[in-house]
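Lettered A, B, C and D in written order, each chain numbered from 1.
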């Protein structure tokens, strides 16, 4: 046994995400699957109701020995063979016959993994919504707070912090909608040995209609969606989960990367909450590191490569592949807990982010007007011509930078500039109305989901 | 200039996919974008109608010098600065002022890339549907053709080739639906220097409502979806394209990998079409290689890693990042042409696939009955008990394999086996009804899209 | 706490690889690092010898509370701040002052991870050599055992199983040499807060020479290589480990993928050992799955994407990045245990692989001579011309395939074929001498390392 | 045909890297390979000298029709079958017989790709050395220029710019050494249809020794290393190239990411050269973007995922795989030109980087002493105890930050601080001697390679 406390996993350490998909949760989901199968078969009259009850009674985590299951993985390339053995041994002998009847390893493991996906996506969805709520607050409060817009690391034109927060919010809502959609589509997996349901049918005395209904009954009991076809070899459900998680960590990663830039010592426009010990260094007493942003950025770096394994496992031969299916399990778990950790940390980051309009204002003044040279260009272009205006402004900006003078002053010798034209706060464009759009979208989503 | 004929790109060589996203198509799309912007501004009264007409008149690929655009990329990190210069130089001087008015590089390049996505996804969608139609034919024709189901490379239980084709069909329809959904959602990109639309508004004399409508008008002219917010820093549209393409090559890759296995010399259940030169070797006269399947398998291997770059570029700081945005372009192009090549080759593979029910029947007999031992197990379990039955059958199977005897014969000494129980053709489970489901799904999709 | 028994990790379950890099091993390595640092400082006279002894006495895993360390990760983005606190609390108060003196979190964690790399690479090296030894045995025994060479899934020309095994052997030796090289180069990491060693120097009363020697002394005590520069921001050591592991799983993956093909039911040229329960199915009594090959193939699929994170973390800003460094830890651990698991399973696969020269011979006859048509071509070309000969043979091969006749018979009507020319066993080329080369290479490596 | 000017490829546009591995270079390398093979066979007496001369005479790019080769890729899954046809048609009929004698497609394509690798690695090596020379200059000039060290985006302790440049230099030298090592090891590829050299031997009248020498003779003529075994299925050479390229873009990416941070508007410690048009924006006249750093950062983002395909292609079955081998070509080309572009841009970045010691000094003062609180801690710890000192300093730093006071002033009320202790320039640790180490390493490498 290896314990994994998350000491090397900043993406999800201490967020509770580890437990969502840990061995305990997995085994519980596998037990739930066997119970649901037995009960559905009982409902169809394929096995005695008493047998299903006995299986439910024995389906306790305490009846399993996880270390032996890991041994079993090395014996049979999956844990289900040993798992069925352990479960069967725990069941009342009169009912043992009816455990896993007609089932195959992939039925149990795929279904159990879908249950883990459901739990993780539910939590991610909740956290994304909580994060969005906080971001909507920032977007509202700072709808008109001007700050420097930055492109390719350089001051570009002004924006508002409200629009910045709205950008994050929009991304988080994109993630939320994808998570919600895929959550609702997670299918049960029931195919039997090679996806024909043959053994289930055999045990059902050849009954076609009943056997076709069996997967639906199992799905209902487990809160999963029905399957269209057995999907041992149709891995779209896994790919869809991966896509939703990628958008999740991508969205939160954008938020985090922006926070990391804005909280740089020289910029200081946002700061993570100060709390005792938070962001401390082992060496430097003055340090107050942006911890949540770092943890989320970590998650965003890790997820895309992990997801490659999942997408890659779509293209494998046979009714069940040797290696493709098996390669999905650990990366899927890792993707789920990484994204869930990121979502949990994003709630904390969003709710505790300290914003400094003063620092934003100070930074806006740094280029002494050059940050609105695009505007001046637009004003001068109609008279000077666009190219000439741009040349004039490039020259003036360079001179202002070299001499430390204000752009307005440098320009004054060449052209007439209306007063206020170089005030950055006056050139935030449609930041406000655009921020409103994201807030409105949030409100609609929130109403629908609350 | 580097010419790229596709000599090193089996994934898309000679499929026409290269041209869909080549430099010529890109420049045409960039020109279309500038024209649509000018015309929309003219419609709003921001620029003279004559200026828009002059811009349209000058927006000819022949007015561009691509090599100088590549030089421009190294000067300014994107081709748009040089492109706008070249276009402006070609426009009637009286209208030159109005080119790219208020625009920023990312507006033009992102919108143009969406147009390339649209063209590629349209073609991929058509090819997926054509492929699906052929696969539906196979599923219908071979609904009840028994063959060996294989798991972990070994014969498992029988399936039908109809179910196999239905599996491919279902995957292709999954891909088709995702491609269609994302195609409909491809947004125009218009934000101005930092996503506030400020310069557009400035040139529009401060008009808020008109400026908010501008992106919608451009979108309409280009056949793209409206944008909710400017998305320079909200890369969900790229992620969604990547997800749809991943499902596409994953789905087609599964089809290809199955064909590669089934066409192995020792298996021979399917064969690619024989045509002069097709599948020839430079050395071995007898060779008839599965070429289309190989080309598709190549595409399926290449796409997931390429997509990592796209997902990774979501999580970058600033209103426009330095490196994240830039890293998207070439991989996006590569993903589009790789997936489009795979779809084109999949049509050919599906339409020309030769199926051999005889080889399937012969292979089904290879294990002399062991392929239905699961069924025998199900029959014996009620009397012998599941575990005892499984032990008996494992022993009998091993003995049959060792001695070359039929499983039925070996078992006869121990138990009574009903006649016909070991006929593989009698144990294909619900292969037929399940294949029907996929065909029905195809018919519904086809009706809706034709 | 999440326990991870490896139930979802076929790549390393039950191989012991999990424990090599588990939390317990990590904490032990972190303790070793602090002890080595204290003792080296004592040797330099920077701290009292008694303090170093007290630190060693307290450096017991039992003094640590791992769950609190995980909490600490979420507080400070790394476990070291909390770890130093716990260790300090356990040390004799008189020596507590001297714990982690001048150190920074990255010093401790990077060094500890190098110790984990060392342990894992040592084990991987041993297993690769054991695997190579078994493969050398196959290469010797089957130096001249003919079998079908296969390209693009089709029979091409004959090879020998000895050459096949030699190919695997050569790859394994490639991996071994890279693992050994990188093992020898694993450096200690000591830089202090920003890589200047300033605090170490400060505590050493400004001593330049002593402080420059400090990392070497720590390295010696830990069995690591010296560092050239502090490498907090120079991640070549991690990249080198990743490269060696990639070659390891790539090499073993080739071996596994070949075994998977050769053990297909229709091919049957090799089989994994039969042992009770090994390769069993939960459903099908007759199943004997190639388990070790599947486990190794799983590892080979998982490693390359994981390594992307490691290579990607080279390109990050600052003296220590926010996210780049943190993103390395879990994937590095995962890469190490995945590769170590693959190596352990490869020993088992190589030592127990059953080879069937009979099946090889039978398959060689499958194409009734066409597998040597290249040879016939070479014989006929000088008289008929290469192109004409190739056309003749392509036609004859196709006819032979269609009619089920022998190629020799079909050709006899057109040309004179010397007797024996179409015997596959006579056309294995230089398989034998080439196999010898790999065996000789193994013997040299083995002699050097034993 | 698709022309690819690099318009979407900032990583290598206009650097000349595209041409190194373009179709023209590839075809030239394929022709060189066929010529070398013929001449080596002539040397061994296997074909007439006149035939080799005729093949050389016809081996002109003008004799090839690339578009038809791309068509050929779709017919036979590789371009060599069509290529050999075109070459044969161009050769004097008397010698046509001797073209590609005994050869297989993979021999020609793998060898040609190794020639492309050689050309690209040669150029990358030269550029890395030129970049290193410039970085060594920075490291020498700024050996003792103090600046803020930054960790997790926050000021940590002082470093010198010399050490920063030394860090980049060290990385570049790491890359250089790996590139040089792998360049020297690039092997010829000659195996014949399935790696047994059988057809070469057949045409050589069965000659074993001569046939074993043939690959060495071809390698010599092409300036490649000999092969140990035919490596159609042993892809270590490709993996080694990938590893070296990954370290290259990782190293240069670190340099670029640091430049991007240091050239932020608020930081301004380094600036890329100002040149007309360089770094211009299409919208904002004042913009001076860090272009070379952006281009290099782009390359560093793209390479790791591309390399995944290459490592993934190691683990494929058969003497030649269907899809694995084919998937290597385009990503290998892309990796080569991406890394070569990055190296070319890094020369420009390093040679033209403007450094501002004034900005560094100003930023060092930003925290008013807190940047040396680690030092104060070290000084106070012996008297106050480490933990108490750290608490005191954390409190004082926070107060200084809140009030805008100097740390020294705040501390003065509690403790005695020696004058000068809080001068950042006095706490750069061993930055100087460590920078010297990297410079010395450069000088040794440079001497050896000049």
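Just so it is clear, a residue touches a chain if its C-beta (ideal position, glycine included) is under 8 Å from a C-beta of that chain, and two chains touch if they have at least 3 such contacts.
Everything numeric here is computed off the predicted structure, so don't read it as measured data.
Chains touching both subunit A and subunit D: B, C. For the interfaces A-C and B-C, the C-beta contact count is higher for A-C. Centroids built from CA atoms put subunit D at 24 Å from subunit C. Per-chain Cα centroids separate subunit B from subunit C by 32 Å. Shared interface positions of subunit C, i.e. residues touching 2 or more other chains, are given as 77, 102, 150-153, 156-157, 192-193, 199, 256, 260-261, 280-281, 283-284, 289-290, 294, 297, 300-301, 304-305, 307-308, 312, 322, 374. On the subunit D side of its complex with subunit C, the touching residues are 77, 88, 96-97, 102, 149-153, 156-160, 163, 166-167, 170-171, 174, 192-203, 208, 211-212, 228-230, 233-236, 239-240, 243, 246-247, 249-254, 256-258, 260-261, 297, 300-301, 303-305, 307-308, 311-312, 314-322, 374-375, 378-379, 381-382, 385-387, 427-431, 433-434, 437-438, 441. Listed in rising order, the residues of subunit D touching subunit B in the complex are 1-11, 13-15, 18-19, 22-24, 26-27, 66-67, 69-71, 73-81, 84, 100, 102-105, 108, 192-193, 199, 256, 260, 277-284, 289-291, 293-295, 297-298, 300-302, 304-309, 312-313, 322-324, 326-327, 329-331, 333-334, 345. Across the complex, subunit D is touched by residues 148, 150-157, 260-261, 263-267, 274, 280-281, 283-290, 294, 304-305, 308, 312, 363, 366-367, 370-371, 373-374, 376-377, 389-394, 397-398, 401, 407 of subunit A.
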